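The chains carry the letters A, B, C and D, assigned in the order they are written, with residues numbered from 1 in each.
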Amino acid sequence: MGKNRLEAFSDGVLAIIITIMVLELKVPHGSDLDALRPLVPVFFSYVLSFVFIGIYWNNHHHLFHSFQRVTAGIMWANLHLLFWLSLFPLVTGWIGEYHSEAMPTALYGVVCLMSAIAYTILQITIIRSEGSESMLARAIGSDMKGRVSLLCYALAIGAAFVEQWVSDGLYCLVALIWLVPDRRVEKALGQSDAGKGTHKP
Amino acid sequence: MGKNRLEAFSDGVLAIIITIMVLELKVPHGSDLDALRPLVPVFFSYVLSFVFIGIYWNNHHHLFHSFQRVTAGIMWANLHLLFWLSLFPLVTGWIGEYHSEAMPTALYGVVCLMSAIAYTILQITIIRSEGSESMLARAIGSDMKGRVSLLCYALAIGAAFVEQWVSDGLYCLVALIWLVPDRRVEKALGQSDAGKGTHKP
Amino acid sequence: MGKNRLEAFSDGVLAIIITIMVLELKVPHGSDLDALRPLVPVFFSYVLSFVFIGIYWNNHHHLFHSFQRVTAGIMWANLHLLFWLSLFPLVTGWIGEYHSEAMPTALYGVVCLMSAIAYTILQITIIRSEGSESMLARAIGSDMKGRVSLLCYALAIGAAFVEQWVSDGLYCLVALIWLVPDRRVEKALGQSDAGKGTHKP
Amino acid sequence: MGKNRLEAFSDGVLAIIITIMVLELKVPHGSDLDALRPLVPVFFSYVLSFVFIGIYWNNHHHLFHSFQRVTAGIMWANLHLLFWLSLFPLVTGWIGEYHSEAMPTALYGVVCLMSAIAYTILQITIIRSEGSESMLARAIGSDMKGRVSLLCYALAIGAAFVEQWVSDGLYCLVALIWLVPDRRVEKALGQSDAGKGTHKP
């Protein structure tokens, strides 16, 4: 029962984060196509962040299928994850406004990296609570996807100061890693539970 | 169980979209009737978008009655729908501020059209997952209402550049198509489930 | 089941309305007591609207205990209520900024009145659906509280143009009518269901 | 059942409060490190308030495990708590912008103090409803943590006008009191219910 409320609260926060990001798309001052032009990069940064939050929501959903007992540690590890995700509207707005600049691109990566680390901490906290023989521990395995994501984010933060577009590419790459194979694995295995696929890359 | 959380998350996002649209109704600078005047077109665009989101929430509600198994495809088709609906506050604010201009009127139609396409994709994804003999496939039938809506939106986008008020009329027409017959069909058939009517125009 | 989702959606919208009203309390420009002074009337209008939305949420809660079958009519009557309630942040912000002016005070009353009418329509829609012998029809009885509220709002709209503070008094009076006797009736009757009291003044 | 909806509504409001606070972190005007500098104090005030709301959500969660019967008194005491918590975005934004000033620091403490008092009132209301032999009455005991928090807030309000950094220290101290021992107690007792620990310091 406690888990349901933790899920509901997380869903609420994620739903608000994903929706208030759109407030960065300010109503244009002017009524022609030119007035829309400054919104284009903000729009694309919004799409990217929408996908990221969507992936987190999806994975969070599956993660919470995998355990029963909510400890204080899990609750705070979950709030810690929500904290870093709550910074997405800020960095999405910043990268959207200054899309070819090093610092906003790097800070976007920092929030991605910290969110990914917070998610990893949440996974570890749950596994510690459930035991290394738990369903989750087996489902995650070596967590290749998670490791690759962390690496990509770290590279992207560095690359922002050298070749800014490389960072943009790395962010899109991570989004694709989590989006694309999910469906392929799911279909291949013919699993009825859409969730399991996400943890077996 | 997974479906419940998908519903709850969608409800959360839709509730936030429908509510933050009101933030476009800025507190007037002045305390007389004149200060309210610029809010009038924003108010009407808010009413229209409120009705559209209400219709989507209603139909989404019924759509989710019609299946059991949540696949990754359904989840992403649902997020895709929420993405386009999340752009309603932006285009509502824009059409409200520049209500007689071609471009904001057309962009409003684009978001309507993309939302309707996203909804159709979600329907198709569910039917593919459930099978062509499923309850949903039979309930939708030829989906006349859905087709007429798509056509009206496409016409409205074009009409915005010729006679802007024709587009406004088409948007209101689509809203009426979904609002009015629902009740008539429901009463006629005496169905206890309010939902079914929406899929049998 | 459909009712649960309608409740959850309404709760979501009401929770967002009650919370985004606080955004009208803008962070002061300055760090001394003088900087807080312009916030004082906004604060009081926020308190009043918070209480009004709280009362609506409370009554909505009890109203939804009283029926089982969700019809399309109930759904749209409910959305109609949420629409008028969603205008509270706007009029709260306006009356807070121009607290001694006739027009903002009157418009606040208009939104109160329309919300109360929408609530009455929702009640009637439910009673029509459930039958005049239903639990709700008996619980409401002559709905004295509801009638007095409608009258007070109508008077307050007119009074705003003559003696503005009379309107403020009437708004507070309605809030008190719904707040105070609830508890007295509840204690007197020793009812375990906190809800019933609100419909038997 | 009524309790579930009260919980869900409270969760919704808390989720929105915790998320809209991030809107005070305005997108910087500029793309270099200097542009981020004014955000640093706002960021730290955001972290502190995020932790406070997290603690309230956690304790609220456990408080609602401890009773069954929702009275009108509990409902209004709960709304009263939500009211004071809803002021966190305002004072967080103010203390973030004027972080070394007395008045914002003191007002932050006032909102903390009023929230803590509102929480105490909610506890007392529940205990009165459930009886002094109830699970909650025993779990809270002398409520040492709650008393120390109230004292710290009162001291911090006064200290803001003498040595402003002492107040900051006291706010962090209260956050630590609620964060740290929770886990220690929980582990020591090996309790499966993460909640109980929070009420037995």
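Just so we're on the same page, a contact is a pair of C-beta atoms (placed from the backbone, for glycine too) under 8 Å apart; a residue touches a chain by one contact, two chains touch by 3 or more.
Only a predicted model underlies this, so the values are computations on that prediction, with no experimental measurement involved.
Novice: Tell me the rotation angle, 0 to 180 degrees, that brings the C-alpha atoms of subunit A onto subunit D, to the nearest 5.
Specialist: To bring subunit A onto subunit D, one rotates by 90 degrees.
Novice: So which chain is the furthest away from subunit A, centre to centre on CA atoms?
Specialist: Between subunit A and the rest, the longest centre separation is with C.
Novice: At the place where copies subunit C and subunit D touch, is the share of residue numbers found on both sides over half (same) or under half (different)?
Specialist: The interface is built from different residue numbers on each side, given that under half of them are used by both copies.
Novice: Where the centres are mean C-alpha positions, what is the separation of subunit A from subunit B, in Å?
Specialist: 27
Novice: Mark out which residues of subunit B touch at least two other chains, giving numbers and ranges.
Specialist: In subunit B, 8, 12, 16, 20, 23 touch at least two other chains.
Novice: Any idea which subunit B residues touch subunit C in the complex?
Specialist: Subunit B residues touching subunit C: 7-8, 11-12, 14-16, 18-20, 22-23, 25, 27-28, 30-33, 35-36, 47, 50, 54, 57-58, 61, 65, 179, 182-183, 186, 192-195, 197-198.
Novice: Quick one: which bits of subunit A touch subunit D in the complex? Just the residue numbers, please.
Specialist: 2, 5, 8-9, 12-13, 16-17, 20, 23-24, 69-76, 79, 82-83, 86-87, 89-90, 93-94, 97-98, 101-104, 107
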